[in-house]
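Next come two complexes, and both contain subunit A; in the first it sits with subunit B, in the second with subunit C.
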Partner chain A sequence: MRNGAVTGWLLLLPAAALLVLFTHWPIVGSVWDSFYSTPKGSRPPVFIGLDNYQAMVADEVFWKSLWNNLWFALGTIPVSIALALAMALWVNSTMRGRTWLRMAFFTPTVLPMIAVANIWLFFYTPQYGLLEKLTTALGFGTHNWLGSESTALACVIVVAIWKEAGFFMIFYLAALQSIPPSLSEAAALEGASRGYYLRRIVLPLLMPTTLFILVNAVINAVRMVDHIIVMTKGGPNNATSLLLFHVYQVGFSFWDTGYAAALTVVLLVVLAVAALGQFVFLDKKVHYQ
Partner chain B sequence: MKALQRAWRMIAAGFACFAASALAQTEISFYYPIAVGGPITKTIDQMAADFEKENPGIKVKPVYSGTYQETIVKALTAHKAGTPPTTAILLSTDMYTLIDEDAIVAFDDVARGADDKKWMESFYPAFMANSRTGGKTWGIPFQRSTIVLYWNKELFKEAGLDPNKAPATWAEMVSTAQKLTQRDASGNVTRWGVQIPSSGFPYWLFQGLTTPNGVELMNAAGNETYFDRKEVVEALQYWVDLGRKHRVMAPGVIEWGTTPKDFFERKTAMMWTTTGNLTNVKNNAKFDFGVAMLPASKRRGSPTGGGNFYVFKKATKAQQEAAVKFARWMTQPERAAQWGMDTGYVAVSPAAWETARMKEYVKGFPVASVARDQLQFSVAELSTHENQRVTKALNDGLQAALTGAKSPEQAMKDAQAEAARILKPYKK
Partner chain C sequence: MSSIHLESVAKLWGEARALDAISFDTEPGSFVVLLGPSGCGKSTTLRLIAGLDTPSSGRIRIGEKDVTNLPPAERGLSMVFQSYALFPHLSVAENIVFGLRVRKVSTAERERRLARVTDLLGLGHLLERRPSQLSGGQQQRVALGRALIAEQPICLMDEPLSNLDAQLRGDMRREIRALQQRLAITMVYVTHDQVEAMTMADRIILLREGRIEQVGTPDELYEKPRTTFTASFIGAPPMNLIPLEHAGDGWRFAGTDSRAPVNVTSADGLVLGVRPEDLVLDDRGPLAATVVSVEFHGADSLVAARVGEANLLIRVPRHAHFEAGARVRASWAAHHQHLFDARSGLRRDG
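Let's look at the complex of A and B:
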């Protein structure tokens, strides 16, 4: 018995060591650094208490990024989950060419983000971009999509949805295939309509998957940075600056590592609260009893 | 037994030899970014190999390190970890940042010979403006650029303009652009007259407007900015008016990366961009094009840009000396000329333009010399302590004005207030 426990711990050790080294230790380090000033050249860091956090309250770009991130999350999460579900239901039915369809839906996930963002950059290009060709053919005027504060964030949201929906579809598809066919046969025998079957049987059975996807979607919304760098660099006038992009800029463009650590802590707290909320409050409601 | 001993002795001797040769060898690492098209990696590797052949005691390890931004992130992170590269090409504007991080040494402190001094004097003064501060030379110009105006000669002819004459003043640029802007029956623009990109680093292109308007954006000590001066606001007003009042340029923020493509697609008749794009335009424009200096307001003028050699402080003395030798070798007139022809960057010294090959090249492709001729009117690119942060304050202000969120006065007043706040600790 004791032997078993030792073996268990030993088996856990490699993963635990990696987790501590690359996740837990950096978190502790960030919290620690956030109370210190940024070392500059020969000036060592000094303890400054909550100064970094006070600076954050006055930092307009931080607040703007926070709001942008909120809108980004609200814009991407519900739509990409709904789309993923619709696509999964569609490609789960028996029909010709569904392998191709599944592959087509999944492709955006496989493509490298930087390349994709560059392609979308040309979609949005004024005058001869794909989107402009469409709108001018329909008789609308031209619009500078990524260059206006009013539309830039929406454009970035569309790319994120396109990228994410296919990824989430795979989880839904796997969950759908684990629903025993006897349930649908039984429902058919009882005379339930397809809509009723979907609403009362399929969706409740998919709830644990939905929770999992929701957690992932929230994390993705907060850690979005690559296509911002390629498409807008946070511009125009911070209209597309998201939290992680702001952290990156403060940390690696301004080299204000102390303040960047404080921003990172806030980011972590936001994520932790979101994840905790989802698990504690939703977990009870997702399992079908 | 004897045989075994002999074998040992031979191995020991072998090690001694190896150690001796290792001692005689100085290895230097060299980080370089790539910011323009073409087979740059191959060219750099070849240059390093050629250098090693001529200097057998030195081994150069070139490391391609991504964009300028990625390169400085890598170099400074390595510096903080204690093992920086020996030398690197970084933006000339990063000078103050590198000094503040105590990451680099001045070239004059490593190379004290009289001919070293002469070498540091051999570059265009416009390039040295971003390479010197406090009486010391911290950077050596390597791949430097400036902004020029490209124009489509065919479209000029179509619009009834002289295809061989670019607008020389601000007023001329507006009137020329008005003739070149094309609208369809329902009033939608199908081609713009001019395009000045404003994504990413609008401050640099903005200097192409403020310099001609007779104002500099910062002092030479890099601890004061002048964003709210009257001439600066005027320059921004002119830029905003191109899009909003004269309607000869797309309103809002214009993407830097797609601007050359807009030009190739004839969606804009004129564009402002770096000379580093010259080779790109030469290869991709399917029409006759011209290159001109930026139009003047009170005077001519444009900022310089691009990258310098820096030598890192934490390298050994022998490595630093080897690095200076390498930088000197890389900036020899012949080599600087070749680098300029391969990339479109401005060859960094007058002597490079006097080489036979460069003269030949300019004869066949005269527009290559426009950037050089503009150098006499050029000023330093915006660079201060806390450079990226100060620059961002200005960039945000410029984009706010261009998108119409703020008036030019308000935008520049806010940017100046922010910059003054950031630079406060550096004013003694």
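Let's look at the complex of A and C:
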């Protein structure tokens, strides 16, 4: 018995060591650093208590990023989940060429982020970009999609949706294929329409998957940074600055590491609360076994 | 009550013939068992009747109506799936009334029927549970409840008892049969277990490789198997089949000197069939055999023996004691003897 416990812990050790080294220790480090000033030249960091957090309250870019991030999350999460579900239902049906279709939907996920961002950058380019060509052909005026404050964030949202939906589709597809076909046959025998079957049987059975995807989508929305760096660098006028991008700027452009650590801690708290809330409140409602 | 009629119904999967133009009719209110070895087309037949698959050719009628191209819901039948097909996220009660909700049956009516069905099946204390919290037998009863509450004139069942243990299987067999008779449902029941078929059926349809081998009452299939296949499928254990060979103007058991009490002329060989329970140990009997082993079952024993190249089983009351290698002789009543043509496997009378 005791021996078994020791073996168990030993087996967990490699994974636990890596987690502590690369995840837990940096978190503790960030919290620690957030109470210290940023070292400058020969001046070592000094303890300044909550000064960094007070600076945050006064930091307009921080608030702007927080709001942007909220809109970004609200814009990407529901649409990409709905799209993922629709695509999964479509490619799960028995029709010709569905393997091809599945691959097509999944492609955005396997492309490197930087490449994706560059492709979309070309779509949005003023004057000779694909979108511009389309709108001018239809008789609309020209518009600098990424360059204007009113549309830049929406443009970034569209890219994120395009990229995420295919990835989430895979999870839905796996879940759909684990539903035995006899359930739909039983429903059909009882006279249930496809819509009724979808609403009353399929969607509830997909709830655990939806929860999983939702948590992932929230995390992805909060840690989005690479598209922003490639496409807009947070501009114009911080219209597309998201939380992690702001952290990145403060930490690695302005080298204000103490303040960046404080921002990181806030980011972590936001994520932890979101994940915890989803698991605690939704978990009870979605599992059946 | 509804009758079911199949007219030359065939089903092809690509090149493979799952069903080869089968035809049969069932009486309203009767219990029909589709019996046969694995892969013979039982499930296929059932799914065609239910409308879950469409036949490659042929017509299916229910009562007077041609239903060949009707969707499942419009055929007036319910079905119990082999895997039960219960909805895992719905409670027992919701599973049972699923179809009533779909058809927007009034709440009062729904409650009334639910109470009746749960009473009938003894599910009253389980209504709030999820399927995963039930035993196999309870799940099976929920599936049965979902089929019964629809009050359809026809019920189809695909090996509903195959996941249950022997004890429960016996109980459920009797329950299903009693329910079917009480509610006068036309039942089509698929199984590959001949005991189930014998105990429950009004009529058995024996399938073999997508064709009908024989249709009849359990008695007919047991007493007058039309082919060696039927003979070797019906009965537990099945009929002994011993090849005969010419010996002068008569017959002897192949590979032995014992003459067989058969006076039938045939250019081809013959096969003699006797059921293990119809054989009696008899020192002056015509059949000589060498004991291989004895299986004690309690009420009786099965003595396994060899006659020439053929295997023989003899059912003996109580516990029989024989050494392996012992010589025994057996006899049987003339009316328990079956003769088959060796080449075609068809029954020979006279």
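Convention: the second predicted complex is superposed on the first by the 287 of 289 C-alpha atoms of A that agree within 3 Å, B and C clash if a C-alpha of one lies under 4 Å from a C-alpha of the other, contacts with A are read in each partner's own complex, and residues count from 1 in each chain.
The definition used in the following text is that contacts are C-beta pairs under 8 Å (C-beta built on N, C-alpha and C of every residue); 3 or more make two chains touch, one makes a residue touch a chain.
What you are looking at is a predicted structure, and each value in this text was computed from that prediction instead of being measured.
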Mind checking the superposed model to see whether subunit B and subunit C fit together on subunit A or clash?
fit
Contacts of A:Lys40 with subunit B and subunit C, given as first, second, both or neither
first
More subunit A residues in contact [subunit B versus subunit C]
B
With both complexes superposed on chain A, which partner does A:Ser148 reach: first (subunit B), second (subunit C), both or neither?
first
Pick one for A:Ala186: touches subunit B only (first), subunit C only (second), both, or neither.
second
Contacts for A:Tyr196 in the overlay, against subunit B (first) and subunit C (second): which applies, first, second, both or neither?
second
So, A:Trp255: does it touch subunit B (first), subunit C (second), both, or neither?
first
Which partner chains sit in contact with A:Thr125 here, subunit B, subunit C, both or neither? Use first/second/both/neither.
first
Across the superposed arrangement, the tightest C-alpha approach of subunit B to subunit C, in Å, is 52
Taking the touch rule as given, give the residues of subunit A at its contact with subunit C in the complex, in rising order.
180, 182-183, 185-192, 196, 201, 204-205, 288-289
In their shared complex, subunit A is touched by residues of subunit B numbered 69, 73, 76, 97, 99-103, 186-190, 198-200, 250-255, 257-258, 261-262, 265, 267, 386, 388-389, 392, 395-396, 399-400, 402-403, 405
Can you list the residues on subunit A that touch subunit B in the complex?
40-42, 61, 121-122, 125-128, 136, 139, 141-142, 144, 146-149, 232-233, 235-238, 249, 252-256
In their shared complex, at which residues does subunit C touch subunit A?
50, 52, 71-74, 77-79, 81, 83, 85, 87-89, 98-99, 102-103, 130, 132, 146, 150
